[in-house]
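One chain, chain A, appears in both complexes that follow, with chain B as partner in the first and chain C in the second.
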Partner chain A sequence: MAKYLGARPLLSRIKDNLPIIIISVFAIFLFVAIYIKGGNAQIFNTIITGGLWALLAVGLALVFGVMNIPHFAHGESFMIGAYVAYFTFTPMQEYLYEKPNEFLSMIAPLGAILTAGIAGAILGILIEKMIFSPLRRRTKKDWIMNAFLLTVGLSFVLSNGANLVLGPNFRGISRYWDVDAVEIGGAYMSVDRLVAFAISMVTIGALWFFLRRTRVGRAIRAVSQDETGAQLVGINLNFIQTLTFSLATAMASISGASLLFLFQAYPTVGGTPLYYAWYVVMMAGLGNVVGAIIGGFIVAMLQTATQLFVAVSWTTVLPTVVMILVLLIAPSGIFGSEVKGVQEQ
Partner chain B sequence: MNSSEIAQEQSSGWNKFVEFINKLGFNPLGLSLLIIIAALPASIPYFRQEYIVRWMIMGAFLAAQSIAFDFTSGYINVVNFGFAALLGVGAYASGIFSNVTPFIAVAPGLNPWISIWLGAIVAGIVGFALGILTLRLRGIFAAVMAWFLGIALMGLVNNWTALTRGPLGMNPRKFLETTDNLPYFYIIFTMMIGIYITLKLVTRSHYGLAFKAIGQNLDAARASGINPIRYLVFNFTLSAFFAGFLGGFYAHYFGSLTPSTLMHTSKTVEILAIAYIGGRGSLWGGIAVAFPFVFLIELLRTNFSDLPGLHLVIYGVLMIIIMIYYPGGLAGFYNWIKSKVQKK
Partner chain C sequence: MLELKNINAGYDFLQVLWDVSFHVDEGEMVALIGPNGAGKSTTLRTIAGLIDPKSGDVLFHGKVINDEPAHMISRMGISYVSEKLNLFTGMSVQENLLLGAYAIREKEVQLETLAYIFELFPRLEERKDQLAGTMSGGERKMLAIARGMMSKPQLMLVDEPSLGLQPSLTSNVFSALKQLRERGVTVLIVEQNVNATLSFTDRAYVLEQGKIVLEGPSKEIKANKHVRNAYLGI
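This part shows the complex of A and B:
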């Protein structure tokens, strides 16, 4: 944002930041409206949902920023995380049912979520090596569109493959932690929700630290800014790209796993999270990681407001109308896209 | 007149014929294959069985959709991710205009042969709006915008129960009184050919050149004096019009509509896969792929009924392979062979 720091007339600065100002006013308005109608409970609900959309959207933004891939199979990473968590957690649960152990039953869900994250990371490496790496060697022109179509095919293969192998059954758990809900400010929140929110915040924080403070993280940011320049200073492009993709997949898997109590695992469970993650990313600006975090909360507010003031079934319609308006005002998202290549297409 | 003159006469007649069908976008091989496909159900008993005719209808339906889809994605290089939703809009509009049952708030009870055109026009209007909305967006932004609009339209159809009965589904009238499938095959086959010829003629005109220029580089196209607004919106409108037209066929052939079976994103992905495997920017590639595909898929489905969704996995895998190793698809392969043959 350095270009706004100079001493320029107030009016011109307002004009430059018009989309941000409009959306901030809108967000504050929504926040107040939700608070008045729903009270603390709905506010907490919104924040928790927002954190999860943010976690998904950050992965999407990262993949687009570093690799220029509009990742359409992100929801399938979510699905795989949910399945892995289910298949690791239920045996543990049965074991603990026979031999109760307080400490283990506290730790077991975290173990399942971690396993899902690791599985996601491995899956990400496999996908990158098997699919995107050959495509990168062969395609130069129209990369974004080809990569997009490839991920569409991938999402088709993964979700229908899951249907083929595991069947269309719903596999879910009622809750991870068998404890009472916690009271915060007059609202009752289940521990699962709170932990899921904490996990998403910790993961985003860790990613933030990794990107800002470590050498490899800086390399990732360098690649997202200028691929050729990064190569010139000796960054191993293949390694960075594989790492980024596997990080993003792992993050989606973690959110799928930590939300297993809410979204049961079934082959097309990734559809809704994918939709909202894309929604956040488009609103905030493709490839903009910070924007994705803020966007997550704005989208969650829109969702809650629609549920409160209209009806649950309209949650796909009304936010989309808002989205279309946003894109009409700011064609590359509210916070703009720092990524080259989007406009070149 | 000696024999060589007669041969010349005949060959010039043949040349004239080739020239004529070329103008309509066919070559002799393609035309003869189409004639064979059209004649199959009427002449060979195996293809006359009801379920085989149904597969042929499905093949022609998918082929026609992929032509209309390729008109946008192959030429102006914008993937219309809301294609299935536009088709659904056409189907629902046609169904509503033709319905006489008291379930529906509006019941003019038009003849399906008229309402299908109204449905197409409604879809065309939505496509026009989509074209306007995506004007400032490029590539992936436009595709995602179309996707969002498709999801919103599906939500709208699901929620507007007074008109559509929502997820319960509505039952539009059928075109014909018969339970025989064969007439429907010829209806959809004619529609497919009509759509193909229309779109081929459009792309052969200066419009096609402008589309290609916009698809390759919008700024360069604008710099050379092409007004992108006009062409982009025209392309979207025409593609959506035909999508709605095909939706009308779906409504009055199957006689049952639900939002999730008609407008879901996975339906768009199926069409997308067929269009890209057939070859982008060719229009005919979809026809060449759709018929064998439907047969392959239905045979897989009947022989491996314990493996649901196997055909969709095959779609996806084929699409990935094509995208990585042969982005030109079948049409690209054909053109490569043709250029090899002509060189020799």
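This part shows the complex of A and C:
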């Protein structure tokens, strides 16, 4: 009897977590397959790309969870980060070419990336105060649709603005750090890639600590769970919303800046990162920050596996197919129990 | 302490409150009773700043607070425990309580209040690491009231504390409210359980169709013929 009682909940627990179990098995399978075919090099590649998607997707998840905005101008924050890093790094590089200084040339790239992050934070505040805050004061009706359309419009304005002011040219650098690649487990990784990965992990870790352990971070989570409740305990919604948007924009700018050597800076550079970040959050569940981190690595694995086993030109196809399959089985994503942040009036 | 002057309020084109005026004095426990849809919750929501009145004034300590946003009203010392509770369901009991003290920046004061709350509601201490969303209805209500107390309010607005609770839990909630009053907190309570509420409040207002139709000491209200017929079923 007791055995029977014990067995039932286990079965139903498996049933409840079916999407998570399927995707975990699938992820382990992919990981092993990538390792067998590509070895360490491809595994590192996957992890590094995964860190990038995770950093971008966390921003999207945060903006959706706290503000209910399906953010389609996230890629433009990436683009602006890339431009800011380019325009701060190249003068420094020229200066260092004339007057070589080993210490400064180690620090300069970090300075450029940090500048891009600060510029992104300021841009986020401006966008929130000038666009979303007025919309929120005017009406909350059809908020998600209106906010979505605004972000799409914003994306056009920003990328075409960049085109108008800076032209369609690609502006890039070959590398941030002029040093040899590092050998890890038989695979050679450039320092730029390693640092880009480290930056994304540190940024995600810092965000995690901020959300979990600080008073304001707790308030951000409170707003995402119950806006009215948050107001009732004295949380200023406007402040939290501006802060959240600013954080998300800064994170996208940082990833745009730290990947300048890979993506270059040009007006439409944000497209690809935006769509991958959206694959991640749709698959993981909208508004789920932890899901976004795990999802980032799953999408990266799918990409690498496609490149290894199918063809490079199919890289975007398979993640999309998997995303559609996931949504067919679990409409609110793998880790999304229900779309919590949404409040339709 | 709190005064409403000729408040007209409602939602979009639907006016709910018509010329509502009443006052709550320091240290009092006042009940607002009335049938469903009379506008009791709307009154509390207006005071808490979740709805802006169309006309009239809400005064707190003689200062007009109509235009203040909800979070500022909470920081002034008015705590609203809503009917829907508005708990942060994905967070632990302890996190919910600490968020209740969001406006208090001093860590020691926060922890002191938390210790006091745990003394008052030992049940919450037992469950402090449990997610608020997984608690039973009675525990959630306790948590909502406790969270409301965490900001050390001068005035608490409590909306339907007994709604949906079994009788034994109801008396728990009521005794918690009585303890609040002994601590010197002013309470404005909206209740359906008219008989019990009138027995432990000082004064009461009867709200019908958005208008105050009767007011007076709770004992007199309880003895009133209209109230006895309509609410007490005697």
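What we mean here is this: the second predicted complex is superposed on the first by the 329 of 345 C-alpha atoms of A that agree within 3 Å, B and C clash if a C-alpha of one lies under 4 Å from a C-alpha of the other, contacts with A are read in each partner's own complex, and residues count from 1 in each chain.
Going forward, a contact is a pair of C-beta atoms (placed from the backbone, for glycine too) under 8 Å apart; a residue touches a chain by one contact, two chains touch by 3 or more.
As the structure is a computational prediction, the values presented were derived from the model and not from experiment.
Participant: Under the stated touch criterion, which partner chain does A:323 make contact with: chain B (first), chain C (second), both, or neither?
Facilitator: first
Participant: Check the residue A:213 against both partner chains and state whether it touches chain B (first), chain C (second), both, or neither.
Facilitator: So A:213 meets neither chain B nor chain C here.
Participant: I'd like to know which partner A:99 touches here: chain B for first, chain C for second, both or neither.
Facilitator: A:99 contacts neither chain B nor chain C.
Participant: Touch test for A:149: chain B only (first), chain C only (second), both, or neither?
Facilitator: First partner only.
Participant: Look at A:135 in the shared chain and tell me whether it touches chain B only, chain C only, both, or neither; answer first, second, both or neither.
Facilitator: first
Participant: Name the chain, either chain B or chain C, that contacts more residues of chain A.
Facilitator: Per-residue touch count on chain A favours B.
Participant: Contact-wise, after the overlay, does A:222 reach chain B, chain C, both or neither (first, second, both, neither)?
Facilitator: After superposition on chain A, A:222 lies in contact with chain C alone.
Participant: Pick one for A:234: touches chain B only (first), chain C only (second), both, or neither.
Facilitator: Only chain C is touched by A:234; chain B is not.
Participant: Is A:313 touching anything from chain B or chain C once the two structures are fitted on A? First, second, both or neither.
Facilitator: first
Participant: Same chain A residues contacting chain B and chain C, which ones?
Facilitator: In chain A, nothing is touched by chain B and also by chain C.
Participant: Can you name the residues of chain C that touch chain A in the complex?
Facilitator: The contact residues of chain C facing chain A are 48-50, 69-72, 74-75, 79-80, 82, 84-91, 95, 98-103, 105, 147-148, 150-151.
Participant: Provide the residue numbers of chain A that touch chain C in the complex, in ascending order.
Facilitator: For this pair, the touching residues of chain A are 215, 218-219, 221-222, 225-226, 228-237, 340.
Participant: List the residues on chain A that touch chain B in their complex, please.
Facilitator: Its residues touching chain B are 70, 131, 134-135, 138-139, 142, 144-146, 148-150, 152-157, 160-161, 163-164, 167-168, 267, 271, 275, 278-279, 282, 286, 311, 313-314, 316-317, 320-321, 323-324, 327-328, 331-332, 342-343, 345.
Participant: For chain B, which residues count as touching chain A in their complex?
Facilitator: Answer in residue numbers: 77, 79, 133, 136-141, 143-145, 147-149, 151-152, 154-156, 158-159, 265-266, 269, 272-273, 276, 307-310, 312-313, 315-317, 319-320, 323-325, 327.
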